[in-house]
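Please see the structure below; I have some questions.
Chain nomenclature is as follows: A, B, C and D, assigned in order of appearance, with residue numbering initiated at 1 for each chain independently.
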Amino acid sequence: MTGNDLQSYAPLLLHLTLAMALSGVLVLLSSLVGWRRPSTTKSQPYECGITPTGDAREPFSVKFYLVAMVFILFDVEAIFLYPWAYIFRELRWFGFVEMILYIGILLVGYFYLWKKGALDWNRPAVRRDRAS
Amino acid sequence: MVPISYYLALSAVLFGLGVVAFIFKRNIITIFMAIELMLNAVNLAFVAFSRALGQLQGQVFVFFVIVVAAAEAAVGLAIIIVIARNRGTLNVERVDSLKH
Amino acid sequence: MSLPLQDLCRVAPEIVLCAFAMLVMLLAPIVPRARHGILSTISVLGAGIALAATRFPAMYPGAAYSGLFRADAFSLFVHWIVCGAAFLVILGSTSYLQREDLDAGEFCALILLATAGMGIMAGAQELLTAFIGLEMSSIASYILASYKRDAPRSNEAGMKYFLLGSFATAFFLYGIALFFGASGSTRLDMMTPLANDSARTLLKMGLGFIFVGLAFKVAAAPFHLWAPDVYEGAPAPVTALLSTGPKAATFALALRILADVGAASPLWFWALWVAAVLSMFAGNLAALVQTSLKRMLAYSSVAHAGYILVALATAAATDHAEAGIAAALFYLVGYALVQLGAFLIVAQLGGPGERHVEIEDFAGVARRQPAMAACLSLFLLSLLGLPVTVGFLGKFYVFNAALESNLIWLAILLGLNSVIAAYYYLRVIVAMYMLREPEQEIAAEPVPWTLSLVLWIASMGTVYIGLFPARVIGFAAKAALNMR
Amino acid sequence: MMPAEYFLAHIWMIPLFPLAGAALMLLIGRRLPNRAVSAVCVGSVFLSMCFAFGAIWQLIARPAADRLVSFNLFDWVPAGAMHTNAGNLMDLHVPWGVLMDPLTAVMLLVVTGVGFLIHVYSIGYMGHEGGYYRFFGYMNLFMFSMLTLVLANNLLLLFVGWEGVGLCSYLLIGFYFLRKSASDAGKKAFIVNRIGDAGFLLGLFLMLGTLGTIQFTELGPAITAGHFEFGNGTLTAIALLLFVGATGKSAQLPLYVWLPDAMEGPTPVSALIHAATMVTAGVYMIARTNAVFSMAPRALEVVAVVGCVTSLFAATMGLVQNDIKRVLAYSTVSQLGYMFLACGVGAYTAGVFHLMAHAFFKALLFLGSGSVIHSLSGEQDMRKMGALWTKVPTTARTFVVASIAIAGIPPLAGFFSKDAILGHAFEHSPVLWLLGFITAGMTAFYMFRLVNMTFFGKSRVDHEVEHHIHESPSAMTVPLTILAALSVVGGWVGWPESLGGSDRFAQFLAPVMAQHGEETAAAASSINSMEYLLMALSVAIAAGGIWLAYRLYIQRPEMPEKIAASSGFLYRLLYRKYYMDEIYDAMFVNRTKDLALTLGAFDRNVIDGLGVDGSGWLTRFTSRVSMWWDSWIVDGLVNLAARVVWILSYPVRMLQTGRVSRYALFMLIGVLIFLGYYLRSSGFTLQNLLH
């Protein structure tokens, strides 16, 4: 790693420092300016509305796994956008058409999921195809 | 600069760990993660080689491997869920009705 | 940069297959379940069009996409096998899907995608492309194997296939990595002379791991353990596909590596020898004592993988490997026809839920369903290697190739195994023709015309190629010759 | 107006008629009435018989020099597409072609002629059986395969027919499939044959690799062109491997075990397949490839010895059987042994001659026994027969004719063929001749034992069976009569010079056995007293066997039981009995009969003593041997095979624990083994991996 490598990261560093400073200042101000009177009602998770019941750590419904899988798939497919974007200019229209095709194929999958109701929270996660 | 052989040794060790975990773990999910470990060991090897050979091919391969691994993960998890639903267990030792 | 039309032509079958798969997936949620027969029809159409589309690669042979893919007589031949297998399986499984109340859309789409993957394997000239093809077919097969969601056996088959398959895939991939590291490329046809001794070692290990992955895929001993369980648990039409298409594609890939990578032949020869012998004996001996016809056929498919491995061994042994390659290709054709037919018959006669796949359940089939019994007997006799069936000529060519490259012992062991095999195939025929019907009468369901069409094609092919093999073996030889 | 040599040009059609019949039967047979079924199937065989006879006639019409018709129908396993610029990819080019020469003519005569008669007979015999159409369909399929085998002009096509007849015999043996024993017998036959076939195939490929051809007509030239020295090792190996195939198909030691069980099939099947045609395929194949065999003296010796021992061995077993069909089965094995003996001593002509004669009289014997069984409504045990001579006259007379023929009494067929074989055997080695000679005696004995127990003596038939014994319908008796006539005159074509004939048969076959022409000529020309002596001896021992059977089973019907009962003190028992006879005589018979009495006493004591005691001892001995053999060797082998299979398959199945982890573990072991092999093959160390 040589020095001018690091220089190319300088803006990033600046941005980082600014963000941290800003957030720190805001927290500090609120704690200094505002005053507080704690009470049981306030210290509840939901201050207004129903009183909480049961434990928060319940087993998730299968729907979550399903959505997680779908997310993984569509997320990972995005990988191929990076090299494509890198050489987009050399490829010109050819590259563009190819990528359109690629996205189109992904959209087919998306449409399939949608129609199958995998994204629908009200119906059971996977429409059971069998009479049973 | 770190010699390539170290990367290779590391990937070999990871791969071996994956194999061992595959054989000795009982929970299907764990076994599945062992497979992922093996695949990532391979990715490491790819990247190391592409670095050593000074070409980008290896890293593109990694992309493909990752995507395929994701697809496998989706299918695998689906199958595992079905198994869990029908058998109520995730222990491979108990899923052995087909034998001999 | 313009659209390379010739390259598109060279992968035309795959494009057709994928396009139809997507079309079916688009239609599947829209078309009401009652009319899902349409989807099967479309898929059959797609497989047929893909079969016809092999005309394009035939017109523009050569390397496509900067050498990743290769369209030549060899890949053409294997394309015919896999597309034909897909065609027959989809056509033959329509009635099964209705009977078992399974979703036809996904099923057909998955078969088409798996077939596309097999086609890619058959034409791949670069290891990662081969890997993509392998995974396309494998992942689709995992789903298909566990397609009966509510049948625990089907789930189990899917799970085993998935876990062990991914395990083997990892080895395969590791082999590719080492190969890449050794030769600086994954192109099979561009083996740079190796730099040093360590590179040579890397190549050896890489090829070793690749062999493991392929051996697993073709269910060759000692990597065959998954096959009986998966074949038994999976729905029978799926088994019909699994035991034909992927095997053909994987053998094609192995032959391609043998032909292109000079270092592979000396390395793989003994591995192939040992794997062939182990597979033949493991398959036949285990099949002898099976009581379920489905499982017996599964073991026998392991044995047949062993016979084909004999051909591969001869291809690896001699400097002019054409005889072995041609023999392997010819054997694959006959084997695919027969195995498909047999498993589809099992799917039909097994009855709802495939409850009657034990051999004694087949007692008296000759009286219940004479046509089915005749077809199954024909297929079994072909597997057994009786003359004027294609199976005989397949064994004949393998035998001949083995003896021509002086693998006397392999030939003798092959003969010995064909004697052993006679016994268990005969048991089924005896059961069908010579035993009384079981007490609880199994209702003889009418045979749907689609299935009877498939069986008709398969049996006619079995006899016709057995009588007039000239064209098939001619193509096989041509394929073998222009691999170099 | 037919073109010249129409039939010779159309011999390829001969197998097609039965094929069509079989296809018709197996497709729509179950809907046809029996009358139509028999019309189609027998008609098809009749057609092919007409074509065959026409072809034979036109072949004989040709001059002896070019009695050879061979043409290819189509390229079956082509080599055309397999040519590389580096020459032939696989030097393998097998056409689907037919060959017609004197040897084929003889076989065609036998197969179509006898086959047709047996089909006619089956109409009557199978009349009341279920599955009539199935039976005739299988029979026609068999005729197709057998004719393919006979007409093939190369070894691979012959193998097609070879496997086809094996399959049909399996189907027909198991015809009464509701009998477990039947289907077991069928399976046994098929698997034993497979063992032989493996040898056959290996021999075929070895021949292909060595001579570069498997066309029968090219074998001789290829051998002469190859400049193989006499007794070349490879040729010997080829011959031996082919002979292994022959032992399987023709039921020779040690693969004969399936034939006796094959009698579970219907009797016409036994007559057609297991006597006349299929089992002789091995002999035909050896005669076909005689060019190879006669270059391999070692192999020929093996053939001769195996054939000779088999014939003796089977004959001894035939002595003690009580099932009428099993006697005939063992006799068939024994006669096949004769044929192999003939081939082994280089007298292929004699072998084929005996093949033809045997086809006639053995088919007749089986059909006759079938007729007897039919008339006794299914009884096969000879101890429950007897005194049928008057009740089934035609059957009985024809049967006796056949028995005389097989016993080798001139001038019936058996005499000439057997005599030719024994003569050549004697020239080759007296030991072989002696064994064959003894066998001839035994043959005569057990055949007439069978005749006497069945047709003469007093009736031992069960009473409910007794009163509806009936002669079989004419559909069965007419073929019997024709076959009887053939058994009488069939041998005359081979009337040897030494008896003033001119051995037309040998001359007819000489072109096929070209390289033995001078041999047979020498054998034929050497007319000396020795030959007459041999003939006289064989006739004498045949007569002796007949006489002994007569003595034992007619004059003293109680004798065999006594022999069987007596455990070694036979002579004293006999003696005491005679002692009582003599007291009786002395007390009641006047002195004028003393002379006659003493003569009778002499006759009984000495002759019966020697003959009866000897034969009794032989009977008990052979029965022990055969029982021991069957119970230990045959069954033992079967059980052993099953046990071995179970044990061998055990580890394979035990790997199959159904647990993924185990599978992965075994896969890993496999990986390590393969990798270990690779890395060992290249001196692998960690260093050269790390740098």
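Everything below uses one rule, namely that a residue touches a chain if its C-beta (ideal position, glycine included) is under 8 Å from a C-beta of that chain, and two chains touch if they have at least 3 such contacts.
This is a predicted model, so every value here is computed, not measured.
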Steps needed, at minimum, to go from subunit A to subunit D via contacts: 2
Inter-chain pair with the most contacting C-beta pairs: C-D
Centre-of-Cα separation between subunit D and subunit C, whole angstrom: 44
Distance between chain centroids, defined by C-alpha means - subunit A, subunit B (Å): 25
For subunit B paired with subunit D, centre-to-centre distance based on mean C-alpha positions, whole Å: 65
Sites on subunit D at which at least two other chains make contact: 653, 656, 658, 660, 664, 689-691
Where subunit C touches two or more other chains, by residue: 149-150, 159-160, 163, 167, 228-229
For subunit A, residues contacting two or more additional chains: none
Complete list of chain pairs which touch one another: A-B, A-C, B-C, B-D, C-D
Subunit A to subunit C touching residues, read off their complex: 90-95, 97, 105, 108-109, 111-112, 115-116, 129-132
Subunit C residues within the subunit A interface of the complex: 1-3, 22, 25-26, 28-30, 33, 101-103, 149-150
Residue ranges of subunit C in contact with subunit B within the complex: 128, 131-132, 135, 139, 142-143, 146, 149-150, 152-153, 155-160, 162-163, 166-167, 169-170, 173-174, 176-178, 180-181, 184-186, 228-229, 232-233
Subunit C residues touching subunit D - in the complex, by the definition given at the top: 159-160, 163-164, 167-168, 171, 197-198, 200-202, 204-205, 207-209, 211-212, 215-216, 222-223, 225-226, 228-229, 267, 270-271, 281-282, 285-286, 288-289, 320, 322-323, 326, 374, 381, 386-388, 392-393, 396-397, 399-401, 403-404, 411-412, 415-416, 418-420, 422-423, 426, 430, 433-436, 467-470, 473-475, 477-478, 480-481
Residues of subunit D that touch subunit C when the two form their complex: 26, 74-78, 80-82, 84, 86, 89-90, 92, 96, 156, 159-160, 163-164, 167, 171, 174, 177-178, 182-183, 186-187, 190-191, 194-195, 197-198, 201-202, 205-206, 208-209, 645-646, 648-649, 652-653, 655-656, 658, 660, 662-664, 666-667, 669-671, 674-675, 677-679, 681-682, 684, 688-691
